[in-house]
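Read the structure below first, then the notes.
Chain naming follows the written order as A, B, C, D, E, F, G and H, and within any one chain the residues start at number 1.
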Amino acid sequence: MTDGQDAFAYAFIDSQREDRTGYPEAVYCLGKTLDQAEAVIIRMREQGLPVLGTKAAAALGERICRRFPDGAYDPVARLLTVGKFREAEDRKGLVTVVAAGTSDLPIAREAALSAEFLGSRVELIADVGVAGIHRLFNRLQDIRQARAVIAVAGMEGALAGVIAGLVRAPVIAAPTSVGYGASFGGLAALLGMLTACAPGVSVVNIDNGFGAAYQANLINQAASRV
Amino acid sequence: MTDGQDAFAYAFIDSQREDRTGYPEAVYCLGKTLDQAEAVIIRMREQGLPVLGTKAAAALGERICRRFPDGAYDPVARLLTVGKFREAEDRKGLVTVVAAGTSDLPIAREAALSAEFLGSRVELIADVGVAGIHRLFNRLQDIRQARAVIAVAGMEGALAGVIAGLVRAPVIAAPTSVGYGASFGGLAALLGMLTACAPGVSVVNIDNGFGAAYQANLINQAASRV
Amino acid sequence: MTDGQDAFAYAFIDSQREDRTGYPEAVYCLGKTLDQAEAVIIRMREQGLPVLGTKAAAALGERICRRFPDGAYDPVARLLTVGKFREAEDRKGLVTVVAAGTSDLPIAREAALSAEFLGSRVELIADVGVAGIHRLFNRLQDIRQARAVIAVAGMEGALAGVIAGLVRAPVIAAPTSVGYGASFGGLAALLGMLTACAPGVSVVNIDNGFGAAYQANLINQAASRV
Amino acid sequence: MTDGQDAFAYAFIDSQREDRTGYPEAVYCLGKTLDQAEAVIIRMREQGLPVLGTKAAAALGERICRRFPDGAYDPVARLLTVGKFREAEDRKGLVTVVAAGTSDLPIAREAALSAEFLGSRVELIADVGVAGIHRLFNRLQDIRQARAVIAVAGMEGALAGVIAGLVRAPVIAAPTSVGYGASFGGLAALLGMLTACAPGVSVVNIDNGFGAAYQANLINQAASRV
Amino acid sequence: MTDGQDAFAYAFIDSQREDRTGYPEAVYCLGKTLDQAEAVIIRMREQGLPVLGTKAAAALGERICRRFPDGAYDPVARLLTVGKFREAEDRKGLVTVVAAGTSDLPIAREAALSAEFLGSRVELIADVGVAGIHRLFNRLQDIRQARAVIAVAGMEGALAGVIAGLVRAPVIAAPTSVGYGASFGGLAALLGMLTACAPGVSVVNIDNGFGAAYQANLINQAASRV
Amino acid sequence: MTDGQDAFAYAFIDSQREDRTGYPEAVYCLGKTLDQAEAVIIRMREQGLPVLGTKAAAALGERICRRFPDGAYDPVARLLTVGKFREAEDRKGLVTVVAAGTSDLPIAREAALSAEFLGSRVELIADVGVAGIHRLFNRLQDIRQARAVIAVAGMEGALAGVIAGLVRAPVIAAPTSVGYGASFGGLAALLGMLTACAPGVSVVNIDNGFGAAYQANLINQAASRV
Amino acid sequence: MTDGQDAFAYAFIDSQREDRTGYPEAVYCLGKTLDQAEAVIIRMREQGLPVLGTKAAAALGERICRRFPDGAYDPVARLLTVGKFREAEDRKGLVTVVAAGTSDLPIAREAALSAEFLGSRVELIADVGVAGIHRLFNRLQDIRQARAVIAVAGMEGALAGVIAGLVRAPVIAAPTSVGYGASFGGLAALLGMLTACAPGVSVVNIDNGFGAAYQANLINQAASRV
Amino acid sequence: MTDGQDAFAYAFIDSQREDRTGYPEAVYCLGKTLDQAEAVIIRMREQGLPVLGTKAAAALGERICRRFPDGAYDPVARLLTVGKFREAEDRKGLVTVVAAGTSDLPIAREAALSAEFLGSRVELIADVGVAGIHRLFNRLQDIRQARAVIAVAGMEGALAGVIAGLVRAPVIAAPTSVGYGASFGGLAALLGMLTACAPGVSVVNIDNGFGAAYQANLINQAASRV
């Protein structure tokens, strides 16, 4: 078998990604062994790229933080960073992450920390699910400050559509796999968000907090450009 | 083949149903030929039973209204009645039917007319979907009068959970097949209602306005007994 | 990231819920860490609210029972309570929980204990699945005493429709994930209950014993108000 | 393209089928043009085979009955026969077809007429769905005479499991596509029958009345052999 | 909560089952705790009933075999018996269990041992999947001796239809969850068996070896009655 | 039944929508009768609101164009407008609609015309599916001018992810129901777009060209604000 | 809207396709209006490209045959050709199309005619489904001549795996939507073919006779190169 | 129970498989116990057959490598071999395995090593997913050398269709279960590959690297015959 017999030889960093899209590649850690993920990260650092690793196990977080002094790991979000794409003082605009319940926090934090990494100022507002909708109304003035809103919710996922009917910013909906039974691993929330009757909602994959953050940050940056 | 060679011989009216459950049998017209449905209805009238026919084609409505002077047919709800289970002046309590959009009206009217037939006073409030949630709030005082609320919604079906977080009465959720694409014939609304994070919601089959009315009427009658 | 950097800051108790709906919030423990769940419960107790925690792990039960003298944990139902919403002597009406098989007991007990917590008198009748339907008939007089019936069943879920054809009270159907193969995690029971040909059935999420109890208690309280 | 350029050349009758399995081939008419179906039937008659055509359109029925004096067509069952596999006086044993509702009659009749064609005596008992279960009990003595029972039901399909818990004969369950919404074209009934908690049930395809009849007739013939 | 506060009180043996259906109840062990399952078995033995327990964990097998000298446990089939419904010398007829691959053996053995327990003579023929169809043909004369055939297969489940086209006995198809990817936990095999183009196949739940055996034994006993 | 006995009384225009979200309500015509849709449109025009009607039948288009001199109807897009939200000369920014194939044109045009109506300049680039990817590369410089890209594709929906890896603007993915078989009405495209490995993609409902346009226009307007 | 206001302007022929892949583009006619399809075909002919149109309505076939003297239309296969990619005398190798039943002929003919158009000699063998497997064995020597086999089957789709266990050539499996009920529009056949236990099978989309032919022709041409 | 009471007796090697199809049987290890798998392998070695075991646990790999000096186990691919079907120097042609991401390597290596075992020269090219499509273009000249291409991808699976539009060789698509949420265990990739708009793609089961290799090797061998 040509092209490297060993399993760690395959990590061709997409180093031109920033030129094409404005942002470097992120590392999806779920299907990779610790060794594979580490190899990718080392290579990216050698090229001077900041690293954002999603769905990272605690063991990987530990290993990377030991090796890189500027490594950081958030166990709730299972998010790993080495370096930062943009410094805190250079962040601009505002992305607001709104989460329905406490159980949605892992994905909400994944979204919030990712958006910060990419260069947005971020506010995280949790526990404002539609079952007690006054809590959402209490925070509406804050939410209306955002240039892009990320709505994180499992179960019936109604939060996204309700917010989109109340604000002027685009809503990026991140369904979560929170729930059981007819939640079917986030399918109920996903379908609910896709069929929200309010326009101004677009949806990312179930539990994809990073994807929501990436899209919201793109929108926020463009709207904050001047 | 014993037991009647012809296809119209099979209509064994469940004439003891009222003794057991308090209400006579309804006639589900969808899979029946005009002749079969008519035969069932004639037999019920011969036994003095009031008739409620659901999912009835216009042709059946016409035929029955021609034969029975007290027949009535609602083309939007596709609901057929001959006689009434309870007279208008004997209706009590209040069932409120809340519909998300104009496209949900066929099922909302099926529910409203069925609940009236069975003996409830009914109010129908339409076009209060969560995309413009202030419309729902404008009608909240009215909705709070109900002893049972029927929430009719297609698409993401969020209406049921939002209402259940705002009122004291049980909410019977009737998902509709309104919508396209990821609505999957009402599946999105159904799953959304089943996984509503507010308790106080229970769900009937997609497009089953009659079933929602039957359950809401049971609840209303019990609460209005005294 | 504004609004609290640490993961335990997000527990905004919906303290007005009782005003709006008559009942305090319940705590869904499944997606929460032990620390998060405990923080929520402490805050609720500080506000004088009784606590009902569903899908609670044994470790959480233990921890809470150690901290609160009036804590209680049922390992079969995975239900946790601290305090009671209504004292045993103030319970009224009757909610009957009917379970198809021994394997459905966890959800049946979740329903039964929840309905008691919320203020209903409760009877639990198990092992009356439709495979040996005489067992159901033997208990029919008892079941007919109820002001609301909760039917708990996995596999084909036929129990709900059969009972609804025999009693005058509304039936709240709680499908369970009991079974294997074509049960598809409770989907078969869920669909069976939604399409039951007898009206008078409405359905909650798979394995949602608490949701069934909440709805049944609402119905029972209204019917017992006088 | 070798092997016949025209579309009607492909009808290789499985003429040895009776030797292997005891019964000749049936003709599934749904995907065939009138011409194709007719060509198959003519060829079978040339070989002296009796013909059973399932899911046959009225137009095909008409055409065949015009051509063959011993042709017969049942428009409810959409079943077409030319000749008979066994004469009425040679039929033995008893297959009982039990149907839940009037809307299930097309499949129930397909089953009943097919079983007669294949050589069983048949009784058809309709309108005994589980929503009014006393109707089933009223007919139980009759049903217990059968050597094989075919249970035909749409919606939740509970009939099969209830009967299997009450009789000694095997139950062949034929789910139908009767119903709407969460029936999902018969899926609810199919899953319900597959997960019936009573053993002694085996299931054929949705709307496959012929398949149920074939299996029930095999069982009945074997049990009646002596 | 009336009706027994503790979780082990619910084991109402369906002791009249044998009168109604000819066979005693089987014990489905999967959702039961060791204590619950043991309690049920003890009660059945007190009533003199033979016990067949399906989907039994090894720990339960051990515990029961320690307590009952006539207990037996098969770890491959995860089947537990205490006593026998019919003695080996009283078994009659022949049920043949045909399994597609070695991975299907757990379900095939569950079927074979269950059918023996219930009173059939049984032959088990394995490794005759359709990928090497000559292996099936080599055993065809043996298979043709059976009064009922059980076809056990995962993956595409084609075995059932192929056999049904070759023999005169009814085929009971038992799909297994063997396979990965598009097997979707046995769904592919289940659908394949339901849509087999050969009649003479009826299907039980995925991995339900006992259910297949029960049905095959009913058929075999009736055919062997004389 | 209170609240208007006739079916056309329910059209409560959400007239404050523009205040909350910046844009007036659109009219979803699919589930409405001609009379209902017309009534809604008349009421909106009376309030001086511009009208955008989606999924409008040709008959409705004709009727509205006859009544309103400034009505317009596009039969490919099934889009109906009366008035314009923003005049052509006031449009700013650029939304580019990229369609995979000719069969995707109805949804692509729905998106393009909707975005124009809402105030964006729009370019529509069709027939650049990934099967001949050089066609996409030929147009890349044009696509890179856009402030938001709408990717319209059925079948495998790969277009969205490929573009997102090549441009700096956010991509709004609109899956279409184009295709057959395993397309499952757009499900394949929907899932493909949700799981695109390139970030910078968010997804709207299947065939929801308007929803994609609304979101893209929001993004474009914010980015063009200065 | 730039880039052509009218709906027929979008037909950018992928004229370099033959250079890249060896074969010109085919025209998928299903989602195109007659005018759009005709416009594409005219443009292809202007460029001297032979045309293969799949899923073409009879009306399109007629219109094209009227316009082009070398046009041909097969109503069973719904296949349209103008010109030929390779002349009959230049065809080489052998692709054998094996169809399970008469109802599978439309897809089988689509495959056969497409493979001829692309340059293969083709043999079509129909009515050899696994329900009467001797028919398949009777033709085995013929099938073994093929350099690639296309197996066309609906229902359980077992044909592909059985053939792959008997021949040396690769089998391209084309599931069809033939069947009803649990066929779920070809899903059963698709899953069955994907999970076939014999290797040497790869699968194309449901009803995609052209896709199967394209793949089989590629294989055949490579194997016949010398 | 006839035919061997113990569970290890069932391993009837399909020893004529090579005569019929050109290749010996492979061993699917997933559902087998270590003892069963070992027994099968020993028997195959006794008959002089080379062994390829797929989805083999590390423990099985270890055990077999201890027993057979020519055993080899790849822990990433979970592939086990004893002997080789063709010696390295006898391999011919070229199969190129193209993998979208590092997480797809287990299946890509399973494919690559299997194709080598069966007699093909193999090149493995990884990390060329469509999110950074220039990486694919950089390797296009290499990929065009192959006589068959295996495209391995999870998530949206777009790689297969993109490659098929660029090369002349057939593409065998192997979807993987890599991904989360709406990947649904590989379903998104599977559907995407089946509906790829470029012809020249055929698909094997999710995660079936061996199946892809088998098919690609068949094609490669035929094309390299001379």
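A few comments on the model shown:
Here, a contact is a pair of C-beta atoms (placed from the backbone, for glycine too) under 8 Å apart; a residue touches a chain by one contact, two chains touch by 3 or more.
A quick note: this is a predicted structure, and the numbers were derived from the prediction, not measured.
Residue-numbered contact pairs of B-F overlap by over half with those of B-D, the repeat interface among A-F, B-D or E-G. Judged by contacting C-beta pairs, the busier of the interfaces A-C and E-G is E-G. Here the spacing of subunit G and subunit H, counted between their Cα centres, is 26 Å.
Mean C-alpha position of subunit A lies 49 Å from that of subunit E. Centre-to-centre separation between subunit A and subunit B, using Cα means, comes to 43 Å.
Residue positions of subunit A with contacts to 2 or more other chains are 17, 20, 28, 101, 131-132, 164-166, 181-183, 190, 194-195, 197-198, 205-206. Judged by the touch criterion defined above, the protein chains form a pattern that is neither an open path, a ring nor a star, and not fully connected either.
Per the touch definition, subunit E reaches subunit H in the complex via residues 76, 99, 101-105, 109, 112-113, 116, 122-128, 131-132, 134-135, 154, 178, 180-183. Note for the complex: subunit C touches subunit D at residues 100-101, 129-133, 155-158, 161-162, 164-166, 179, 181-184, 187-198. Across the complex, subunit C is touched by residues 17, 20-23, 26, 28, 147, 164-170, 172-173, 190, 194-195, 197, 199-206, 210-212, 214-215, 218-219, 222-223, 225-226 of subunit B. Per the touch definition, subunit C reaches subunit A in the complex via residues 1-4, 7, 10-12, 14, 16-17, 20, 25, 28, 30-32, 36, 40, 55, 175, 177, 185-186, 190, 205-208.
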